[in-house]
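Listed after this line are the structures, all set down as structure tokens.
The same chain A turns up in both complexes below, where it pairs with chain B and then with chain C.
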Partner chain A sequence: MSMPAQSDGDKLHVVTSDHMSPGRILAGRTLVWSAAVLLAVMLIAQALYEFEVISFGFENWRPVLYAYLLWAIAMGVAQVLIRGEQGKRALFVLPAVLFVVSMVIFPMLFGLYISFTDWNLASVTGRKFNGLDNFRQMLSDPFYWNALLNMVYYVAAIAVEYIIAFGLALLLNADIRARKFFRVALLLPLMLSPVAVSWMVGKSMMEIRFGPLARLGRFLGWESPSFFGTPEVARLAIMVMDAWTFIPFMMIMILAGLQALPKEVLEAAKVDGATAWQSFWEVIFPLMLPVSITAIVIRIIFKLKLADIIINVTSGGPGGATDSVTSFIFREYRDRSNVGYGTLLAMVYLVLIIVFILMLLSGVNRWMRRTSQGGFG
Partner chain B sequence: MSGQTTQIFSDAEPDLAYRAKWYTERALIYGALIFWAFICLFPIYWTVTTSFKIAPDVMRGNLVPWVDFEPQWRGWRSLGLSPNTISETSTVREEFLKRFMNSVITSLSASMLAVTLGSLAAYGLSRFSYRFGFMRNSDISFFFLSQMILPPVVLALPFLILYKELALLDSRIGIILLYTLMVLPIVIWIMRDQFSAIPIELEEAALVDGLSVWGAFVQIVLPIALPGMVAAFILSLVLTWNEYFFAALLTSTDAKTLPVMVASQTGSQGINWWSMAALSTAAIAPLVVIGVVLERYIIKGMAAGAGK
Partner chain C sequence: MKVEIFDRLMAAQVSRRTMLQGAASVGAVAAGAAVGLGGLTRSSFAQSSIRAEILRIPGVGVGSPGDSDWQKVGALCLGPTKGNVASGEFAGVELTFLGLNNQNLHNFLFRGFLKPWEAYTGAKINWIDLAQADYNARLQQSIATGTVDFDIIEMGAPFEGDVCGKGLASEMPGWVEGQIEMDDYVDYLKAPVGTWDGKTYRISIDGDCHNFNYRTDYFTDADFAASWKAEGHDGPWEVPTTWQKVQEVTKFLKGKKIGGFEANGYLDPLKGWGGFGFYFLGSRATAYAKHPNDTAWLFDSDTMKPRVNNPAWVRAIQDVLDVLDAQPTDQINADPGTTGFQQFLAGTGSMLSWWGDIGSNAKTSDSSVVGDTIGFSILPGSDDVYNSKTGQWDTLPSGPNFAPNMAYIGWGVYVMARVDGDAKKHKAAWSAAAHLGGKDISLWCAAYPSGFQPYRNSHFDIPEWVSAGYDEAFIVNYLASQSDSYNHPNAAIEPRIPGIFQYYSIAEDELAKIYAGQYSAQDGADRIAVAWEKLTDQIGRESQIALYKASLGI
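After this line comes the complex of A and B, so read on.
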């Protein structure tokens, strides 16, 4: 885009009279502040009731939520009242911002508080602040470190997924008949819920006695095909199932990239007498790097949330060999109701993820800049 | 006369070699595609056929119906969905239908909410410049998109306690809100792409003609962006229909969704393969249909980021 820098102005210019009558502004301010006061009063009253300072209050916090919603609506209306046309523009983004802030920032702050308590839903003694105890427990928890290590293996498996996905995308991009059939067939695994896949593949096809995959294994000379007996094989089986579901995702992204490639460049390579291998390796692959990196980064983000299949097929076994961080924390809650410790583990995981993704992105950026400076051809 | 039947031009040696190469290449491409299509489709085929098997068929590893084994309604009968039980009352079927409806309602509402919120935000961000405190447009975009990184597990336990206090635990609304949050970044990602592809001149013309900003958005931009919105909606639908983690933690009796029901059945000892297969088939059927019919939109949605 050769457009001049427009970061300061709107792309869509609107000529408006920005003069608001003082009465209108006052009405807007009154509206938003009265809603805020109502919310604050209800919040404080309910908090006092919860801590048994006062004896009257609501059964739960739901009315406070309604007051919050009321405040959010008042906020939107006030934007239009006070700022007129500018306010109407703010209404495009305001609902989503308020929604995300109230659904993420507030629970995160609350979670931060929980993670420094010994909050256990099963204990009757209630909760208390226990400082860094959870953190110390985490440092000496071999299962958590093991789960983190497993995440490294799981993320590394994306390399193989990427190669397969690229190959399939090239095949689908070739001049073939029944393209629509193949595209639908190759896309279908992505439609299936991981829970259903856990049963369909993990529990039935990989079943030791009757499962078709076990039969195939015996046919190929594997003495006792057990997919979840040894740590390495079990981890591999989880990787295969996850790959099966998500390869279509990368495949479609790469396919879209392939179809957007400039035709002239490919023609030129052909005219210059490049073999298929040369035109792939020296033309297509470099041109596809940006798309590939987007696909891989998004796939990594999805992979870091891996849990459903593990929870349903192995529950982390044998001996925690297949545990992902998410499935480990899930069991920490399910088996021990240990909310405080589980939340701390999740928070640490989040910090690690953010650091990892930021490093990844800056590394990718630097590398891309270097390769584009060098140029190809 | 004979001149017409005899071949005048014959392929030279290099041309023949070229054609042979072409044929092997074709064979390899189709071979690989068919092999992978088989890998993708076999588990689905296996599940659907197993739902019509009885114990001996499963043990013998019979694969082809009517050839290897006689299809039976055993699995479907246990769900109350076979032809002879469909008219009778069945508690299992009621349970299943309840879960099914929960899944339908939560995934449809969450996708609708996410597409509404996300489209509005994406449009605003692609047309106007905002300033919320220190945050500019690019910061706001990044704030939305960065939610994609957030693993569900970070929010799950705080939400468990918050929802308990708000009496939203085990309610559809609670699940819908979380699912909306989950797919919102993806919707914004897709829709930003869609809106920036629409020329601004269209809206400028509409504004000159006297429409307001919102009027231009609803009457001019939305109809053009509709295919993109459908793509975002379908993709959200797939993700929310399949969601398991939040549903497993935050629902128990009333709002339990289909994946949680499927998962709770696999956990029990001595699973009946046929009824599990029938249940899995019923759980994946809607999305398989959507995948086959609306494949175009799913691909469009996922390709949105690849062109950049």
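After this line comes the complex of A and C, so read on.
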């Protein structure tokens, strides 16, 4: 195949040159607009029927979904009819775009609407728009704020997890005996479902009478070991179980980063007479910052979803001390069928997460710029 | 019968000798039936013959029954169906049945029972099997989104408010009532349970209530008896029959030892359990809150004003707080499951409220050490009872007030209103449901692993069990603990209103804070009441009042 000249510009990758007759373009436009009109009419009619403005309509929204699918197909066909080769290119992306719109954007917008409604599944009247009532309820809901405060503690614990993960990664990066075995062994907790961890560790090993950890506690002089009896210890126990599961994740990321470090820099530091601590603090750690930040941010995202261990082990207790936002929303949804309020809590949490992560990333960026300008050395 | 109960019975009794005795007596019954017993009518003779025959499928002590057994039982119990339905009458009818798949029972049994029914009537049944955890969400979503896609449902009575209260269930035709012999139900399962606005919707296939489980070794312990007397307590050292005594005993046992281990009194599950934990506070409260002259005990029936913060309930909560320091270590993190199965059965604690299966697990569970030292009674009473109408505590002339907590009320089979428009389908659905809820089939379910407990007066006919091969002493003890609760005139029946588990779930969250010392009993109860008022408004106060009254039969 002969390659078109570079000066052809836009035609660089065009394989066939379509002849766009006015009739063909008109047919394409007619097709897509017909489908769009059909979709709009069905959408409006069904909405009017649902709001009891008109007395005829479909039993459910499924026909509108079919109209949407029809429009999507017409849109794809019309792209080819109207734009030829360029339209074919668009077909590689268009279905994915429509899929994302259907499965992510639309549900999110719908969820946003739900969060401003009073919708308890047991209510005889069904869903009712209630403006900012849910938001106001949230502002005065001690359980939500308590859960948010707990999340601060849980997220703060990542600092400790990071230190441990870095330490383990350094060990595994060093020339130690049975290094491969330890790499696999230390990764094992990550392969366990948090639900399994809840039962194996939280409900079995930490069982207060027969659990091995309780026995160890008694052996070490703890008279009546209780891992979930007081708020502080219970929160710590949850943190430990969660950390045990996810430290390997941070460790493996950091380990990958360590192995990718340029050897010359480390050797140069050694030649310059740097101590082990100086090599670590002034060479390895700064070079590992981008990897570290990525690991920490992903870990924070995992942590913000913390729920399964809490639901299984403490149900948020004692007295809400271990409740996470997700476990509280789970109760609001599953046990209380309070869809409207639960959705608002989830939406607010989403916004808080986005703001927090953005602030975190921008703060880290600024800090890294400053440190790179100032230099570690 | 619940699986654990069956296992327990098996472990408790089956020796070669008792097996032979049982087989001999069953044989005798069968032989007697074969030659005809002079005074019996043909129909009662035939029925007792069928009952004896189904109790031999597969036979007590020869392992758990399977699908072929279920089909045999279903075929033998087709008599009542044949009385109302002609062969092939429902040809072409398709029905969808939504039920549970717990322990591979429930729907699995129903499939077997209904196979002969399908063959006889010509109808076909499609099945929706659900895990217990998915059940509530599936049902609520079907209701809320108007997508009820089943014709028959296996459902607990607490959900009646959500289904019957919203007009989604089909009213039971008169012929079904006759076919299933509803008069045979134990008292508390009779109307108003299963009815709304005077219409009957439910075919009961199960019964549930909280019993009082206690350790007999504690209350026959000579050292405890001597200490009890020495400390100047009133009355002898014995199993407490009132909550006042339960409190006194629990405080008395604090710091004492039995068999070298720490002794504990009454166990309160202090951690929530998806709403089910509230039943345990309810069991403490019913004797205080359920006045014999008032059917309501959780809400005022005219206003839905919660009673959970009235003096009766606050006293029950305070009782829990008063013995917090006498509870085992880490009890704050013990939900009902942990309390029952990991503590009481493992030898921790001496008193516990629970459904029938704690008793039944006592001998069969590997972790149980209390198999030979467990006793049962109805829930304790109270020396006085709160009268919500007068705001006074009444002392009844008849003595302590007892009010067994009919927690959850048990499973039933309901037909959905969507079959009402099609006469043939309507009759087919009710015929299938009636077959499952028939008197004879229910005896088999009570006697073998099925997921269901006895719920008819005819289930308490001891000779029938004995002739089937059960040990008499054991079955008498086991059944009495249930029948005394079921038939109690002042039983506290659970409100069957929409969203009842939402009320319980909210209460659990607040109770957790009370037990953690964040609020006083009254403050916490007031918070529960506020949240319940809000929930009632959200669900619809007027409709809740109407449905609550309907559920109480007012």
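As a convention for this text, the second predicted complex is superposed on the first by the 277 of 377 C-alpha atoms of A that agree within 3 Å, B and C clash if a C-alpha of one lies under 4 Å from a C-alpha of the other, contacts with A are read in each partner's own complex, and residues count from 1 in each chain.
We take it that a contact is a pair of C-beta atoms (placed from the backbone, for glycine too) under 8 Å apart; a residue touches a chain by one contact, two chains touch by 3 or more.
Since we're looking at a predicted model, the values are computed, not measured.
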Quick one: classify A:S140 as touching chain B (first), chain C (second), both or neither.
-> neither
Kindly classify A:S226 by the partners it touches after superposition: chain B alone (first), chain C alone (second), both, or neither?
-> second
Just chain B (first), just chain C (second), both, or neither: which does A:V201 touch?
-> first
May I ask you to decide whether A:S21 touches chain B, chain C, both, or neither, giving the answer as first, second, both or neither?
-> neither
Is A:S55 in contact with chain B, with chain C, with both, or with neither (first, second, both, neither)?
-> neither
Greater chain A contact set [chain C / chain B] | B
Determine, under the contact definition given at the top, whether A:L350 touches first (chain B), second (chain C), both, or neither.
-> first
Using the superposition on A, tell me which residues of chain A are in contact with chain B and, in the other complex, with chain C.
-> 60, 209, 339
In the complex, chain A residues that touch chain C = 60, 118, 120-126, 143, 207-209, 224-229, 231, 234, 314-321, 331, 334-339
Chain A contact footprint on chain B (complex, rising order) = 29-30, 32-33, 36-37, 39-44, 46-47, 50, 58-59, 61, 63, 117-118, 120-121, 123-130, 132, 136-138, 140, 143-144, 147-162, 165-168, 177-178, 180-181, 184, 188, 200, 203-204, 207, 212-214, 217, 238, 241-245, 248-249, 258-260, 262-263, 266-267, 271, 273, 276-277, 280, 283-284, 287-288, 290-292, 295, 298-299, 302-303, 305-308
List of chain C residues in touch with chain A within their complex = 136-137, 140-141, 143-144, 146-147, 161-162, 165-166, 270-275, 329-330, 332-333, 335, 342, 346, 348, 498-499, 501-502, 505-506, 509, 512-513, 515-518, 535, 538-540, 543
Complex interface listing, chain A residues touching chain B | 6-14, 59-62, 65, 85, 88-93, 95-97, 99-100, 103-104, 107-108, 110-111, 114, 119, 167-168, 171-172, 174, 176, 180-201, 203-205, 209-210, 212, 215, 244, 248-249, 252-257, 260, 290-291, 294-295, 298, 301, 304-305, 307-308, 311-312, 325-326, 329-330, 333, 339, 342-343, 346-347, 349-350, 353-354, 357
